[in-house]
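You will see chain A twice below: alongside chain B first, and alongside chain C after that.
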Partner chain A sequence: MAAARVFLVGGVISYRALFNWIRPLSYATTMLGIPLFQLLFFAYVGRFAGVRDDAFFVVGNAVQATAMGGLYAMTMTVANERFFGTLAPVLATPANRLALFLGRALPVVLNALAVSAVAFAAGLLLLDFSLPAARVPALAAVVLVTATATTGLGLLLGSLGLRVRDVLFASNLVYFGTLLVCGVNVPLDVLPPWLQAVGRALPLTHGVEAARRVAGGEGLGGVDGLLATEAGIGAAYALVAFALFRVFELEGRRRASLETY
Partner chain B sequence: MLVSVLEPLIFATIAFYLWGAGGREQTLLYVALGAGLMGMWSATLFGSGGLIQWQRWQRTLELLVAAPPRFLVTALPFTVATASLGLYSVAATLLWGRLLFGVPLAFEHPFLFLLALPATVLALGVLGLVFASTFVFYRHANAFSNLLEYPVWLASGVLVPVSLLPGFVEPLSWALAPTWGVRALRDAAFGGNPLPEIGACLALAVAYLTLAAVAMANFERLARRHATLSLT
Partner chain C sequence: MAVIEAEELRRTYRTTTGALRRRTLDVEAVRGVTFAVERGELYGLLGPNGAGKTTIIKVLVTLLLPTAGSARVLGHDVVRDVREVRRRVGFVFGGERGLYERLSGLDNLRYFAELYGVPAREQGRRIAELLDLVGLSGRERERVEGYSRGMRQRLHIARGLMHDPEVLFLDEPTLGLDPVGARELRQTVAGLTEAGKTLLLTTHYMFEADALCDRIAVLSRGRIVAEGTPRALKERVGGGRVIEVEVFGIGEERVDALRAVGGVRSVAVEERGQVQALVVRTDAGVEVTPALLARLAGTTIGRVSYREPTLEDAYVALVEE
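Presenting the complex of A and B:
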């Protein structure tokens, strides 16, 4: 019961604290505005380059929009405990560490779904993209799995933020890297094999491919393998993230360096 | 490093692969120059406001505003310096394109290219001063500036010609220094006459400076009246 409370209430409070610090206007412009203009930018680049149609870029970027929350918000939600000096009090509590850790991911996943929905809506309104209503539930399921997997990678970056000085540098690099290697804007078969391999080891790649198939009319049954791979990759990152979190916590306690920079 | 070098390289790589896959007739040099300008704009956008924020966090903003020289004069070298970081972007994307994608670095007018670069940096730097002025009063102006990276990339035609965008974008593009900067660099590289575009960059720099002077004076006065300079 206590672990469930830490998971739900702790996660929500942590998330609210994040956006209380950066204000609702920042949320709107950063979380919603940037994915929207990113989508328009790449759709027009795609049109000019003559590579694929608008649907390719709408689905790719709308699913990748989950990384705005999954990577940045997740990184900040964990790493900011150290930045704002609240890490030591949090870790001094006897709270269940897994609940404490994963609770921070739940609001991020829900937020990622909302951000992705806004991006899809922008694609429907502003670009040459259509999506029959019957495909929306399956697409939402794909986005949910992808957002959860991306949040796993965000947890890993957040854990690194307990040790490294400027973890947002890594978050930015990974975020922009996903635009290149995860099949979001560049078809995977165009990339050299080693970049394809990097992409396939990251969240998003299989999720984006599944989303394109579902948006194209395929059912969830046709993409279950992709979704299982996506979920497995996300779980692997989350597992490594939790292990690092515990290592850094124990090391920080031992060396009294939890909040030193 | 991220904004000036790594981010432009990632975007340049995306564009190189897309152009390669799409079989566009534009040369990859066209793409490399566009991606370089994208980095220059990002460096200006985030650096100019960031320097005011940094002064605020370091508690030196009040001292600079209170000092006898006009703050406009103090801030101008900062913003031009941040814009000049974009030179790394241009150099990095050209070098990256040459080494990894075999982009031929053959410039029709190399001296005019070297003239277009500082003119572009100057125009972007003074535009950065306009942005920086908003940060003097609005502590959270970054919420707005964060939003401007992609729209200006689109509206200034760094990768996609403005003529492909909705009609209302073209008049907006005329007021943006990156529009004329990228045209000047491309004309110098491909054999056109970049002098009108260089002139447009310099004219815009004068217009931006006038706008920045008015904006800075007003935002400075408001910040003094509301005593918000030191608030983070």
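Presenting the complex of A and C:
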């Protein structure tokens, strides 16, 4: 029971405490503004170059928008403990570590879903993109899986932030990297093999492909393999992230590195 | 059975210097410390910066592993029984950091109530009691970023007591507080011992230790150099006398020369604005003033005064030994 409360209630409180862009103005300009202009940018570049239709860029970028929450918010929600000097008080509690760690991901996933929904809405309103209402539930399910997987990668960056200063540089690198290697704006098959390999090892790639197929009319049953792969990749990142968190916690006790910043 | 026990506790930090030619340096912060704190006692750790006080507390609250030796809290080993220790102890580190700035004081406490597993139905009552105890009732819904240093410190204490721990560790809780805030906080601390808590306190303020602590251990360079009640420590330098001599610009050689005078136990130099005050502790019944003044010949001398030794004198004498 205590672990469940740490997961749910603790997760929400820590999200409010540590997510930098939670205030309405910074949320609107950063969490919503960046994905919106990113979507418009790639859609119009795509139109100008005549390489793909708007739907390709809307689905790709709206699903990739989950990375705004999944990567940035998740990184902050773990790594900012160090910035605020709250890491030691938190780690001195007997709280269940898995619940403490993963609980932070729940609000992040919900936020990522909301950001993606706004990006899809922008695509519907501003670009040549349509989506029959019947396909929305399946698409929402695909985005949920993708957002959760992306949050797994965000957890890993957050864990690194407990040891590495300025980890948001890494979040930036990964965020912009996903625009290239995850099939968001450039089809995977036009990339060199090594970049394709990188893309396939990251979350988003299989989720974006599944979202395009579902938006195109295919049912969830047709993309279950892609979703399972996406979920598996996210779980693997989350697992490594938790292992790293525990290693850093133990190393912090041994090397007095908990409060080094 | 003692509530807190440390036996030959040691902690070494390894630091590296240099970018290209990296050099590893081992710093012994705690060098074989042994002490025991009984139930309901308020035990003080006194010592200059770097004496090892905070390191000892961090080991006892399981944030650091000792390099050697052992420590137990309520019979639980701080290395092996980590969760058991964490359930039963609270700690308060001085300073302004360590709180969630964007949350209210109330939400800070709620969060730690969850982390310490305080049942949901008890949280409201417990938080209200603590806010009352530390004098933050009515301000709990304000964001911490707007709190004064004193309010933050009181919130730290409330957080440390959230799970009603049997043992509380306080690391310089009045550091940086104004006199009124510090006095209120001392009253809160005194109230905790009356409530039966066992407290381990570190402080730089001698009068604070004198007023609050049942027993004190004086730490110097990672070792306990004296332990006892405040009265017993004062008596260690008792029977002697303290001469304070105000001088203007004195070098280390002169101070060493004063230390060599027969009957002088110790000499400390305190900077007081433009003036340096030489605090000379002497044996009882020995007149050393003429010899001191002779060795200060050529130096501008201000006021010369005499007084009885205080706990601070005892502390300075002990850490200089």
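Methods note: the second predicted complex is superposed on the first by the 257 of 261 C-alpha atoms of A that agree within 3 Å, B and C clash if a C-alpha of one lies under 4 Å from a C-alpha of the other, contacts with A are read in each partner's own complex, and residues count from 1 in each chain.
Here is the rule we use: a residue touches a chain if its C-beta (ideal position, glycine included) is under 8 Å from a C-beta of that chain, and two chains touch if they have at least 3 such contacts.
Note that this is a predicted model, so its numbers are computed, not measured.
Enquirer: Could you say whether A:Q196 touches chain B, chain C, both of them, or neither, answering first, second, both or neither?
Expert: neither
Enquirer: Going by the contact rule set out at the top, does A:I13 touch chain B (first), chain C (second), both, or neither?
Expert: The second partner, chain C, only.
Enquirer: Quick one: is A:A92 in contact with chain B, with chain C, with both, or with neither? Answer first, second, both or neither.
Expert: Only chain C is touched by A:A92; chain B is not.
Enquirer: Tell me which partner A:G177 touches in the superposition: chain B (first), chain C (second), both or neither.
Expert: first
Enquirer: If we count contacts the way the header does, which residues on chain B are in touch with chain A in the complex?
Expert: 1-2, 6-7, 10-11, 13-15, 17-24, 140, 142-144, 146-147, 149-151, 153-154, 159-161, 164-165
Enquirer: What part of chain A is in contact with chain B in the complex they form?
Expert: Those residues of chain A that touch chain B are 23, 25-26, 28-30, 33-34, 37-38, 40-41, 44-51, 169, 172-173, 176-177, 179-180, 185-187, 190-191.
Enquirer: Considering only the defined contacts, which chain A positions touch chain C in the complex?
Expert: Within the complex, chain A touches chain C at residues 2, 5-6, 9-10, 13-14, 16-18, 22, 84-86, 88-95, 100, 252-256, 258.
Enquirer: Spell out the part of chain C that touches chain A in their complex, as residue ranges.
Expert: Against chain A, chain C makes touches at 13-14, 58, 61-65, 83, 86-87, 91, 93, 95, 97-103, 107, 110-112, 114-117, 120, 159.
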